[in-house]
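Chain nomenclature is as follows: A, B, C and D, assigned in order of appearance, with residue numbering initiated at 1 for each chain independently.
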Amino acid sequence: MTVTREDKPHLTRQHVLQLLREMLRIRRFEERSAELYQQEKIRGFLHLYIGEEAVAVGVMQALGPEDAIVATYREHGQALARGVSMNAVMAEMYGKQEGSSRGRGGSMHIFDAATRFYGGNAIVGGGLPIAVGLALADQMQRRARVTACFFGEGAVAEGEFHESLNLAALWRLPVLFVCENNLYAMGTALAISESETDIHLKAQSYRLASEAVDGMDVVAVEAAARRAVAAIHAGSGPFFLECRTYRFRAHSMFDAQLYRSKGEVEAWKQRCPIARFTAWGKSSSLIHDDDIAAMERDIAAEVQSSVYFAEAGTWEPIEDLCRDVTTPREAR
Amino acid sequence: MNAAPPASAQRVTLTYRDAVKAAIREALQRDQRVFLMGEDVGRYGGCYAVSKGLLDEFGPERIRDTPLSESGFVGAGIGAALGGMRPIVEVMTVNFSMLCLDQILNSAATIRHMSGGQFSIPLVIRMATGAGRQLAAQHSHSLEGWYAHIPGIRVLAPATLEDARGMLATSIADPDPVLIFENVLLYNMSGELAANAGAVDIEKAAVRRAGHDISLITYGGSLWKTLKAAEELVGVGIEAEVVDLRTLRPLDDATIMLSLRKTRRAVIVDEGWKTGSLSAEIMARIMEQCFWSLDAPIGRVCTAEVPIPYPKHLEDAALPQLPTIVAAARAAVGR
Amino acid sequence: MAEFRMPSLGADMEAGTLVEWLKQPGEAVKHGDVIAVVETQKGAIEIEVFENGVIEKLLVPIGQTVPVGTALALIRSAGAPIAPAPTRAAAAAPPPVAPAPVAAAAPPRALAGPPAPPVGFKSSPAARKFAEEKGIDLGTVQGSGPDGAIVFVDVENAWRQLQAAPPAKALPAAKAQPKGIDLAAMRNAIAAAMARSKREIPHYYVLHTVDLGPATDWLSLTNATRPPERRLVLGALLVKAVALAVRALPEFNGFFRDGRFAPSERVHVGNAVALRGGGLVAPAIHDADRLGLDEVMARLRDLVNRVRAGRYRSSELTDPTVTLTSLGDRGVDALLPIINPPQVAIIAAGTPARRPWLIGDEVILRPLLQLALAADHRASDGHRGALLIADIARRLTEPKGL
Amino acid sequence: MTHDELKRVLLEEIGNIAPEVDIATMHEDADLREALDIDSISFLNLIIALRSRLGVDVPEIDYPKLRSLHGALEYLGARIRNY
């Protein structure tokens, strides 16, 4: 594949600071979420993205406002990186009607029409056919748009993964499949669930252009995503991007992590995408300590303000229980 | 109720299959966003020949053959609907729809709610249902009652030519997912239809025959057996009212209860199994809303609790039939 | 063994609904006993048996509508051998089960049996609710539903019956209707019969005025010494006079059927009785020509009371051989009636009123009555009609001879 | 028996022969046979019932005195013992 200069990230100081800021926002937001979960402010399942921030942030750099995103139940990172307001995401996790889905979805079901953010799908593999359909609509309506579909490597074992890759390739649909390979489907390691653990090869078998990238390197992810989106726009059909990453936290809040060693987790933490990127930025003199201090201050304020916003939010009246099941007659 | 065509309208003779096809063709002509997608809908002409000829007329993009990937293409239909299209997805039979139940239940029916009302899914899914063609236990079941269990989707069972012709247009106009169940035995049913027949409502049950002694509540392929049974019941002095549910979800309670309050007795004829079924649901609602108007226990004529067997005599014995409907009605009336 | 069949109670009757068995298997019946009540479009009608014997078996359950001619019960003739009584086990055995889904199973209900015990009887929710609203004791209601369950219509009928014949102490509700009379159906029946009559029967009419003085004088004298229960009304005199007159002129007494007139040996005078609220029926006083006046009066009163309660017997409705209609209480001078087919004559009386009347050469006030005869020209001629009406008039002037 | 009791009995018996008539709204001076649309036999039934309930034997010659509710009450009242 030929990659033009325009498809590469421009690592200006401004862009570098932006990448860092977006990853930090996710990190600090989720750290606060874990705290709020333990205070029982947030309930249900809470799946944290900590450790994987580079994937969401990197891929989003390649997408424009016209593009669509389909994500999974571990989607706070994508939502924030896509530009869904932190207030709306936090209020959603509180279950308040000021949340992005009026509180009806919670942590796993963040939707936002304004940013074409189509969830928040908590069925492993369930989002892939939908992404195919969104892309089909764009193709049939001759719109040059891309649908980015995030999913974990656990989805690879689902039939919908194979059906969707086949359909997308067969119909040459503009889908960017982003596999967040964090090595564990809940507690089941890739090696004990797949005969072929090199996932992007599976995509190749469906004749999808594919690439595997270091998911702990935000610049590498951004570069790969830009190449992929350019290829899609060039009309070569869907693209499969495998991002090799790792989640530092448990699968969800109630997980003893019996399936992996502390040593393994510690080893991956040495590759923390934020720490690595910060170190690189500093060494390249693109990031300074006071930049980081200011950034941390701003983000702490934003997170705190999202908590205030969610706390001040209102509960939907019980009389409205059955709303949003089908479209009200008067809205048709 | 069904929009009645003007009395002067010219009438044409056609089959149920033709009526469905005419509805699809009209939808495709009217709206560029509409397309038909499913297994063998294009080159093969549709498993039940419903879409035969449409490929030549509308091309492969809009008459879209899919691989055998029910979950994939139904999910793609959901996504396309989210992306502004008006897909008609055909699932070959309801038995195969188990493979895409995830997409129907977990996505189509929930996204509007999960998104706090931000996204609707204007998707139509058509599928064949029902037994009677010796297709055995993986092609003959009537599982529409399961779908009627699910909030967030609308479930239709067109039994007449008018409904086969008219329900699709209304369903496409509906902003939410609509499932249309076409009974396989009806495809060859022939009759007269107004040449200008068009959209019909998808809200109301229809009283297909008025009577005052008992309400026979049914839908889909069982409607015609039930109407025959009603004629036979006249011979023993029973005037049965036949209610065609048409819309299985949401159920038109008002029409059902109005009939019950008049007749005070009912038999439900449903090709589904009894256990945990739509017929059970209707009985329960009658108990909830009409208990003090009842003169007899509600009766049911359903499919025997067995996977549909292949041999003709056993298949017939498993299904609701004229004599069993008549016997159930007589038992309820006591004549 | 004789079969007791659904009788044809009228030219327009095709079927009837059994609403009550008044006799049960094992009970002796004799000719003329009322053994069942049948609902027709003209109301609930008691039907009689024409056999002597013992009820062997009831064949039609309550609530079932059957065509005319259907066997309703089996009656073992007096002296015939007794069929072995079914054992309890046999009676309780379920009907043979046909291969379930394909055979039209007979409706599973006992056809008849001993009266239901007072506790444990079945009653539907609708019946219970209505009974509670109307204060009706379900134990007094006969069930017509599956397995003899009391259903809504049973309680409704019981309620109507109470309305029609309320207990002396209770004030009846307004707008009561006699049990089982469907006025709309009755109106249809009248319409059909009268339209047929006007279409098919060439009517001729003969009018005559009678001096009622002797009759009214005689009535006053007679009633003055009688308690109310034994008093006579003018209607009874009219019945008797008509009965005797048609016996003398038989071409007015009988039926025109299948293109010919068949005179009747017996004289059954039908009495048109208007129902309160509309409609009318004309049940007969049987053999009125052979009954004494007191007996005619008693039958007339009984008939009117039963008609207004909605209960009359099958034979009373079907076999009048001639009909009398009187609007004597409504103040009209006269009316020209329409023959009730297949009868061939009907006599109508207006209101007795005091009017000038010539006796000898003197004009004096007398109570006068206008009589009208409508007769079928296929069976009789005007001359004979004139003789008939004159004969009735003559008999009314000689009330002692009635 | 009071006037009211007598009236109640009379109305009950009238109700029995003309159940559909709303007696409560009937004018006291109305002609009973007209207002109730009753024939001679029904009227005779009323006379019979009044005799059994009140012990008053109304001879035929007095029938005209019972033409109205008012007249009937007056007539019967005058003939009842313990009135």
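Here is the rule we use: a contact is a pair of C-beta atoms (placed from the backbone, for glycine too) under 8 Å apart; a residue touches a chain by one contact, two chains touch by 3 or more.
Nothing here was measured: the structure is a model prediction, and the numbers come from that model.
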{"item": "Touching both chain C and chain D (chains)", "value": "none"}
{"item": "Innermost chain by mean C-alpha position", "value": "B"}
{"item": "Chain pair with more C-beta contacts, B-C versus A-B", "value": "A-B"}
{"item": "Whole-Å separation of chain centres (CA-atom averages), chain A against chain B", "value": "40"}
{"item": "Centroid spacing, where centroids are CA-atom means, of chain A and chain D in whole angstrom", "value": "96"}
{"item": "CA centroid of chain B to CA centroid of chain C, Å", "value": "53"}
{"item": "Chain A and chain C: spacing of chain centres that average the CA atoms, whole Å", "value": "90"}
{"item": "Contacts with 2+ other chains: residues of chain C", "value": "none"}
{"item": "Multi-chain contact sites of chain B, meaning residues that touch two or more partners", "value": "none"}
{"item": "Multi-partner residues of chain A (at least 2 other chains)", "value": "none"}
{"item": "Category of the chain touch graph - line, ring, star, complete, other", "value": "line"}
{"item": "Pairwise chain contacts, counting only pairs that touch as defined", "value": "A-B, B-C, C-D"}
{"item": "Residues of chain C touching chain D in the complex", "value": "163-164, 166, 168-177, 219-220, 223-224, 227-229, 231, 233-235, 274, 276-277, 300-301, 304-305, 308, 328-329"}
{"item": "Residue numbers on chain B that touch chain C, as the complex places them", "value": "236-237, 264, 291-296, 304, 316-319, 321, 323-324, 326-327, 330-335"}
{"item": "Touching residues (chain side chain B, partner chain A) in the complex", "value": "33, 35, 61, 66-67, 69, 71-85, 87, 102-103, 106-107, 111-120, 151-152, 154, 174-176"}
{"item": "Touching residues on chain A, where the partner in the complex is chain B", "value": "68, 70, 97, 99-105, 109, 111-113, 118-121, 123, 126, 128-138, 140-141, 147, 159-160, 163-164, 166-167, 170, 323-327, 331-332"}
{"item": "Residues on chain C engaged by chain B in the complex (per definition of touch)", "value": "15, 17, 61, 63-66, 99-109, 124-129, 144-147, 149, 151-153"}
